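Right, I'll just put the structure down here and ask away after.
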Amino acid sequence: MEFLLNIVVTFPPDGDPAEKERRIKAEGVRARELAAAGTIKRVWRVPGQWANWSIWEAPDATALHEAVTSLPMWPYLDVEVIPLAAHPNDPGAGK
Amino acid sequence: MEFLLNIVVTFPPDGDPAEKERRIKAEGVRARELAAAGTIKRVWRVPGQWANWSIWEAPDATALHEAVTSLPMWPYLDVEVIPLAAHPNDPGAGK
Amino acid sequence: MEFLLNIVVTFPPDGDPAEKERRIKAEGVRARELAAAGTIKRVWRVPGQWANWSIWEAPDATALHEAVTSLPMWPYLDVEVIPLAAHPNDPGAGK
Amino acid sequence: MEFLLNIVVTFPPDGDPAEKERRIKAEGVRARELAAAGTIKRVWRVPGQWANWSIWEAPDATALHEAVTSLPMWPYLDVEVIPLAAHPNDPGAGK
Amino acid sequence: MEFLLNIVVTFPPDGDPAEKERRIKAEGVRARELAAAGTIKRVWRVPGQWANWSIWEAPDATALHEAVTSLPMWPYLDVEVIPLAAHPNDPGAGK
Amino acid sequence: MEFLLNIVVTFPPDGDPAEKERRIKAEGVRARELAAAGTIKRVWRVPGQWANWSIWEAPDATALHEAVTSLPMWPYLDVEVIPLAAHPNDPGAGK
Amino acid sequence: MEFLLNIVVTFPPDGDPAEKERRIKAEGVRARELAAAGTIKRVWRVPGQWANWSIWEAPDATALHEAVTSLPMWPYLDVEVIPLAAHPNDPGAGK
Amino acid sequence: MEFLLNIVVTFPPDGDPAEKERRIKAEGVRARELAAAGTIKRVWRVPGQWANWSIWEAPDATALHEAVTSLPMWPYLDVEVIPLAAHPNDPGAGK
Amino acid sequence: MEFLLNIVVTFPPDGDPAEKERRIKAEGVRARELAAAGTIKRVWRVPGQWANWSIWEAPDATALHEAVTSLPMWPYLDVEVIPLAAHPNDPGAGK
Amino acid sequence: MEFLLNIVVTFPPDGDPAEKERRIKAEGVRARELAAAGTIKRVWRVPGQWANWSIWEAPDATALHEAVTSLPMWPYLDVEVIPLAAHPNDPGAGK
């Protein structure tokens, strides 16, 4: 099942630079693992913001929750999860 | 450039069945043309609603507007267009 | 996977009484079928409104969409689907 | 009478880890007591968030308030209470 | 248990005057019955609108729903129900 | 003239306990004075929250403002004031 | 006591022109009476809309409701009433 | 003074085609007059919608209201007017 | 041109009392200057809040911005500016 | 492609004055570079606020994101990006 996620990063602008650096780096590593596993399929930046839209694939919302909360940046993420149903005319289904 | 679209169909439940039929059929034809042209890349249903989320590709917002308004159902569509920026870690970029 | 649904009935107060009667009757029949199949697990009325909250079980959002749109009242339903993830302390899990 | 609750935990990500640990542990204990007493009937996680949806049973809103505010995490909870009325076709009534 | 209700009347301004008259008259009769039964305790107009705020007393949300939907104007009412819990310093408790 | 007030207490969960204690105590004293003077007529808790709904009586909005801002907790209160007009069928008018 | 009102006219663009004409004319007459009585003190147009902001003076919300609902256009008005309290530095107080 | 306007056209999809045609044509004529007079300075389409964003110049909100309401489509326009103040670094000031 | 302003003061309840005192005092001085200049014409308190509604007169939004930002409390003000157009039936025009 | 941006500066009123000074100065320099490059075409202040509306030109949302995030104030900016499509009657197209 696919999900559309809107994620806003809330790490404060005056937060500890070292922790920010560490979390961003670890986030990149974990995100690549989730991409390699087919869990994260697409990611786009919201122009002008520290935020993104993304397409995830997971068996259900429970598995999705585990994947999202495995992100090192998660304590500083506002995450909205939108469930998606298959559309008969989806040109990209199965990709 | 890619765009995320949220489209809600507002054709009234007590509208003319023949016109509804005709527009849905024509919509399917036009949607497949736009998919074949690479303009519509993904489409999902919003579960429980006559509505969808979709990913479009167009040179700019002007070309996108022309593509969206070419849909036969357009007079009965509430369309929200969300611009997307490339993300360096997008596993599906270029697909 | 379980889903929380908020459904508002929009059949107009001055709509055709016979059609209203017919749809409500058919709705009851279909709802009982979905309950018997384990798809609809709980239903509550929103006090004061022609609306309800309900818990549904379906393999994914696609199957849920098919179940919801099989309701005879569906053209007159505003449906919001909220995905639910399992909680380790849920006293009613599996019921 | 049953209630639908939406609870968001607002404990800050940079809050004291020891207090966080202590409150989460105590919260689990109290939540299990409320479940054993039949006050908390179902709990689900909101996928991607430190938040949940739950079904509570209490004689009235006053008793519910006492139960909710007995949670050790309560000072850090945003709680929305939605009253539920019985539906004649509820397949899970009385469970 | 007490409830705070916000009710907006949606009878259209160009609706049938005879039906409007009939419903308003019947509404007054039923409202006085509910007041006499102690179900409706206070009613105020929202200044400038065909709408009101009111305090109701009912055993639970199910009984409240039955009382509200017994109003002859109900098909044309937008009703929001807000559950109230007792406050230890309420000067009017029990009145 | 009567007013409906929705008050949310914003004293932070990690605020100084002594000041919190002091303000709550003083708040109770002042609230009882306002009740004795007939200014506060009803108070209910919002279930699950540190917030309340209340009915106030004051000659006008200026007098109401003075009464509300005399509450020792006022710097930590989010106050919404809703003006109420008399309803001819109010069973509790004059009480 | 003074009130700030935001009024939006909802008379439909395809409504009966004769009724529209009649109501607008009668509205002007009644508005001038209310102005002469000191009830309506200021009126401004919302630029670009068939809507206005206005300052009213009335003993209380009940009297204000009577004045507003005496407007011939009232069935087609969306009226929001905002109560105002005196400010010690108001340069226009008493005018 | 410059204003930012967001205009949504609400002419119904099943409205009279002849009237629609007539109003659109007249709208184009009047819009060009306002552009020639320097009142309308920029216009953009909202992609996917029958709506636009535009920059207007007018001595004040009163003159702007007269210009906007001179549009033949005005009865079917939802218009939001946003006042703009000069910015010292505006590269396009005076153009 | 006249403007309607809604101003909410956001100075924190636990802010420095001396700075608060100093800013409030200076605010009063500046507000009286603006009133004497005819820039601030009316001011009302929002009952129950540290906030106000006011009517300002300024040649345009640029001049208004300069006047508002000259308030010593401005860094702690949330200001909403609503442009007003003259109404032919305004009983207070020119006052 | 043109974009409409709404930018709100969130630098706290009690933030470090030296950093504020430094960022504002650097912001001015970078903004002038972006204007000289034709990326920023118009900028207006939101009257009464530390915020602005602006028109940007960029090949796509990705290039726009790079330009916006190059602003030295960016960590303290809330940025909303609105995509614009060309309008056939735009008097300022190409300027």
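Observations on the model:
Going in written order, the chains are labelled A, B, C, D, E, F, G, H, I and J, and every chain counts its residues from 1.
Convention: a contact is a pair of C-beta atoms (placed from the backbone, for glycine too) under 8 Å apart; a residue touches a chain by one contact, two chains touch by 3 or more.
Keep in mind it's a predicted model, so treat the numbers as computed, not measured.
Counted as hops between touching chains, the shortest connection from chain E to chain H is 2. Interface repeat of E-G: among F-I, A-C or F-G, the matching pair is F-I, sharing over half of the residue-numbered contact pairs.
Spacing of chain A relative to chain J, judged by their CA centroids, is 27 angstrom.
Averaging C-alpha coordinates per chain places the centre of chain A 50 Å away from that of chain G.
Chain centres here are Cα means. That of chain A falls 46 Å from that of chain E. Here the CA centre of chain A is 40 Å from the CA centre of chain H.
Touching of two or more other chains is recorded for residues 3, 45-47, 61-62, 64-65, 81, 83-86 of chain J.
Chain pairs that touch one another are A-B, A-C, A-D, A-J, B-C, B-H, B-J, C-D, C-E, D-E, D-F, E-F, E-G, F-G, F-I, G-H, G-I, H-I, H-J, I-J. Partner chain G is touched in their complex by these residues of chain H: 3, 5, 15, 61-62, 64-65, 68-69, 75-77, 79-81. On chain J, the positions that touch chain I within their shared complex are 13-14, 45-49.
Of all residues in chain J, only 2, 4, 28, 31-32, 35-36, 40-47, 52-53, 55, 82-87, 89-92, 95 touch chain H in the complex they form. Looking at the complex, you find that chain D touches chain E at residues 1, 3, 60-62, 64-65, 81, 83-86.
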